[in-house]
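As structure tokens, the structure follows; a few thoughts come after it.
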Amino acid sequence: MAWLGLYNYWVVIFLMMAGFYAVITRGNLVKKIVGLNLFQTSVFILYISMSKVQGGTAPIVDNEFAIYSNPLPHVLILTAIVVGVATTALGLALVVRIRESYGTVEEDEIHHLDKSF
Amino acid sequence: MEHLIVIVLLSFLAITAVAIVMLHDLVAVVMLFGIFSLLSAVIFLVLDAVDVAFTEAAVGAGISTVLMLGTLALTTPKEKTSPRFAPIPLLVVIITGAALVYGTLDMPRYGDPTAAIHQHVAPRYLERAPRETGIPNVVTAVLASYRGYDTLGEVTVIFTAGVGVMLLLGSPRRQTKRKRGKR
Amino acid sequence: MRHHLILRIVAKLLIPPILLFALYVQFHGDFGPGGGFQAGVIFGAGFILYALIFGVETAKKVAQPEIVRVMVAVGVLLYGAVGLVSLLLGGSYLDYSVLAHDPVRGQHLGIFIIELGVGITVAAVMITIFFTFASRGRS
Amino acid sequence: MTMAAIDALSWVCLVTGGFFGIVGGIGLLRFPDLFSRFHAAGVTDTLGAGLVLIGLMLQAGWSLITIKLVLILAFGLFTSPTATHALAKAALRGKVKPLLRRKGT
Amino acid sequence: MFVAATTAILVTMALALIRALLGPTVYDRVLAVNMFGTKTVLLIAVFGFLTGRPDFLDIALAYALINFIAIIAVLKFFEYGDLGQSRPSRARRDRT
Amino acid sequence: MISQHLPALQVVIPLLTAPVCLLFNNARVAWILSLVASSVALVIAALLLQQVLTVGILTYEIGGWAAPWGIEYRIDPVNAFVLLIVAAIGTVVMSFAPRSVASEIPEQQIALFYAAYLLCLAGLLGIAATGDAFNLFVFLEISSLSSYVLISLGRDRRALTAAFQYLIMGTIGATFILIGVGLLYMMTGTLNMADLAKRLPLVADTRTVAAALAFLTVGISLKLALFPLHLWLPNAYAFAPSVVTAFIAATGTKVAVYMLLRFLFTVFGATLSFEAVLLPTILLPLSLVAVFSASIVAIFQDNIKRMLAYSSVAQIGYMILGLSFVSVTGLTACILHLFNHALMKGGLFLALGCVVYQLGSADISKFAGLGRRMPWTFAAIVVGGLSLIGVPLTVGFISKWYLVLAALESGQWWVAVLVLIGSLLAVVYMWRIVEVAFFQPAPRQGSQRREAPLSLLLPTWVLIGANIFFGINTDLTVGVAQRAAVWLLGGAS
């Protein structure tokens, strides 16, 4: 049963790699940004998985409960989510600008345009 | 029960992720990303991270989706299908994944209360934060006070994003090759 | 969305509760889940809904870009200023304990103000980002 | 009414709510065209969600929680049909034709 | 009993997820996402009771609101091809 | 009273000046504010370095919470030196900025531009000052996000794609760093670097820590553009506005090298990471490949900014080479080169900024005969080039000297030979500029091209002059670098 304790992590790693794969193989810039988001969100799940304590509850202190999950990863991930949104917003703004000056958001077409330029 | 929910939700997530990578209709991809975000928020909730779930809910399902749609409206909603097989990136991904799986082997088991992470810094927060800051929500206390400087950084990041978007899209576009003039 | 009469009415009904709810999240974050960031996003989302239904130009009359732009800066400055004030009162940077006579009260006050700063900046940035995306016409 | 009766009633609500949810899900999956799927999703969505929320309200008793549940229910009752309605309208304008007859009949 | 409700909601979510994956039109996907959203709200509510911390309903409430906004954004995108204007743009019609 | 708060003010002043720039929304005011903020940062950095050298390490508990629970700023000889470099380059670049920026960026965006610059500066200073692994990530993102924006503002449309590519690579790098930090936190329960260093030996032989080391190294290598991961850098440098190129080329990768030093030596400790995972066997060959491949590619570039960008990749190779010897001399060489390279690349890119200001392009075909029309600018390029090659009496020589010494010390004389051959490649690509600019006749119609204005030349020559000054007067730089190296390897400073 020992491996069951790691099952969550493995699924999360699979998710991360799916996102990572989308980032580095897809030629569409919007898809890249989505992949990046996927990758980051999965890392967040990794962090939150490690904060869980068996039998614990949310770290809002109340007299009824004694065991709480670890609040620190939550704090870190709150910050990281914000960073993720900021990156997404900037990336998408760049995509819009690229589309305006190149007329396409496909990586290979952009390369082609730059070569012939 | 919690375990079961997490496992089911994780499987949903895996299916959604694969679909996101495979699909070429970008609108569908954005919709599925919305689902991905919803699911991860529920997982955060089940894993006791309520504040994170709240944020992911507000951000992932709301803002990200809207922004991505806004971008699609300004670009194109279809990805060009390029059915080339890319062995080197795949290899990179597999190596990275293998490194992570290798790294998990010595990890404390999921939910193990004796893990180092639950022994060192966090217990002090849980014990003393409500008294020291007068706030029962330990996450808020740590976020705003103990690690308040991180949060200043967080606000700055958002501010940077605002400045960046204003710089990139704020001014009217330079090339004026509009197809539909305002007549 | 001129022909979507139902949508317009429902949106009009929904927007005030959304904004109220954002304020609730802002000020209730000490006791339950939530805080400045979530409140800011929800507040911004209220305006985004308005802009979606009634058009961005109408929304810009409500949330004027110049004011929103000032708000973007004000939130960060508010946060930073709390730090500087605590520095002037003899604590280290962002040490809220010195803000009031009683350290716990000081902490409470400090957290309240900085959460407000976070909320203001986040809401303003969300509105700004949406407006800039939405008012850019297609090429 | 005794506590046991309220409890039983809430159970009934929860179970039937869940049942309607699943029925709606099956309808969403099995119905042949978009507009009938709207029907499946829209109707049972509101009913299923409403029943589950009422079941929870009965569990919670009179408290802030119930008020929040009522709010959620009210929002759901406003937004869900509106969204479905707007979606159907968009689909019609987007030239998705309702399936008026099955093939072969 | 909450367990039964949770299971039912999870099953419904699975069904909606399959519809979202299958399509075939984008409207089907939106419908599925909408349903998924409402079921998420329910799941959060029920889960709060399951673990004995029903004060997390704030999140469900936030979801109910945010989800609606996302759906409206999608609709506007379909009908207008743009998120900002208050009337349909021509450009949208030209594209296929 | 203020003096004890210097570590916090170092970062907070530029950070809070950015929103003030936005409030005023006036190009001139924004420039003055950024210049003042950068100079104040420079003064603070100088004071901090002086304090560190006299008193020893400084710690500052932000929010008044003690170290592993709150976030701590910890200034030791290494990061005091890095802070000084970043703030100094920032100040010089800002004094160069107004004319160059006005010629490259639309008027109504200039205030925002300065706000983004200040955020980038604050982010870089924050990375250098912090003693907390997660806080480092946050400030890394502040500096990265603002540099993506700054790069995208170049006039060429390729600036947009370059910025996008950088955004993707940079975010992957940052996410890798996040994973690494997460794994470390998981095994030790702390985020404070000093605390991590104390607790890591207990779990040193676990596979999780090895994975954390791998992810951190790869993530930071993406940020510092180590050889196979450098693809974002040439375009980003080539198409960014001149001021941005000078600033980011001189500071961005340096801070990334600092991060690598910090994690490898302070957090993991020299023994753990180097004996257990044998980083030298990976980093040393990679850095040599970086030196050679990038130098050779640089020779064939027609855009001079791009040529110098490839040269930067090569120079980063030298820094990592110094690092991978794991000796005091090697680390001294690494830290010295970090400082020296900031000076020479800062100076060179500013000189190119003068050229671009007059010509509107950095293409080598336009350089013909310019040596006589813009004598001061091209004299600056020549001196900077000599420094890049490593000619005696310039700073480049000093760091190459220590690098060769470190190679000989470790008994790898062939590495020393390779370093010298690498320098010859630098001669080749710098000679191309000299040849075109001085020995080709100027085209007839380009007679209106004149020397750049004094307000651009002066800052350029401040940095170029520093190349010579620190090349002759080596007491300060070598002294500090050696103390930093000893400190990193665990000795008392």
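For clarity, chains are labelled A, B, C, D, E and F in written order, and residue numbers in each chain start from 1.
Operating definition for what follows: contacts are C-beta pairs under 8 Å (C-beta built on N, C-alpha and C of every residue); 3 or more make two chains touch, one makes a residue touch a chain.
Please read all numbers here as calculations on a predicted model, not as lab measurements.
Participant: By the touch criterion stated at the start, how many steps lie between chain E and chain F on the shortest route?
Facilitator: Step count on the best path from chain E to chain F: 2.
Participant: Sort the chain pairs by how many C-beta pairs are in contact and tell me the top one.
Facilitator: Summing C-beta contacts for every pairing gives the maximum at A-B.
Participant: Compared with chain D, which chain's mean CA position is the farthest off?
Facilitator: For chain D, the chain whose C-alpha mean is farthest off is F.
Participant: So what's the Cα centroid distance for chain A and chain B, whole Å?
Facilitator: Here chain A and chain B have centroids separated by 4 Å.
Participant: If you average the Cα atoms of chain A and of chain F to get two centres, how far apart are those centres in Å?
Facilitator: From the centre of chain A to the centre of chain F is 28 Å.
Participant: Would you mind pulling out the distance in Å between where the CA atoms of chain A average out and where those of chain D do?
Facilitator: Those two chain centres are 32 Å apart.
Participant: Compute the distance, rounded to whole Å, between the mean C-alpha positions of chain A and chain C.
Facilitator: The computed centroid separation for chain A versus chain C comes out at 24 Å.
Participant: Quick one: which residues in chain A touch 2 or more of the other chains?
Facilitator: 20, 24, 50, 57-58, 60, 72-73, 76, 78-79, 82-83, 86-87, 89-90, 92-97, 99-101
Participant: Check each residue of chain E and list the ones that touch at least two other chains.
Facilitator: If we look for residues of chain E contacting two or more partner chains, we find 13-14, 30, 51, 55-56, 58-59, 61-62, 65-69, 72-73, 79, 81-83, 91.
Participant: Mind pulling the chain C residues that touch 2 or more other chains?
Facilitator: Within chain C, residues 7, 14, 17, 25, 31-34, 37-38, 42, 45, 48, 69, 72-73, 76, 80, 83, 93-94, 96, 129-130, 132-134, 136-139 contact more than one other chain.
Participant: Write out all the pairs of touching chains, ordered by chain label.
Facilitator: Those chain pairs which touch are A-B, A-C, A-E, A-F, B-C, B-E, B-F, C-D, C-E, C-F, D-E.
Participant: Please give the residue numbers of chain C that touch chain B in the complex, ascending.
Facilitator: 25, 29-35, 37-38, 41-42, 44-45, 48, 69, 72-73, 75-76, 79-80, 83, 93-94, 96, 103-105, 107-108, 110-111, 114-115, 117-118, 121-122, 124-126, 128-130, 132-134, 136-139
Participant: For chain C, which residues are in contact with chain F within the complex?
Facilitator: 69-70, 72-74, 76-77, 80, 83-84, 87, 91-97
Participant: Residues of chain D touching chain E in their complex?
Facilitator: 10-11, 14-15, 17-19, 21-22, 24-26, 28-29, 34, 37-38, 41, 45, 48-49, 52-53, 55-56, 59-60, 64-65, 68-69, 71-72, 75-76, 79-80, 82-84, 86-87, 90-91, 93-94, 96
Participant: Across the complex, what residues on chain E touch chain D?
Facilitator: Touching chain D from chain E are residues 1-2, 4-5, 7-9, 11-16, 18-19, 25, 27-28, 30-32, 34-35, 38-39, 41-42, 45-46, 49, 54-55, 57-58, 60-61, 64-65, 67-68, 71-72, 75, 78-79.
Participant: Mind listing the chain C positions that touch chain A in their complex?
Facilitator: Where chain C meets chain A, its residues are 31-33, 37, 129, 132-133, 136, 139.
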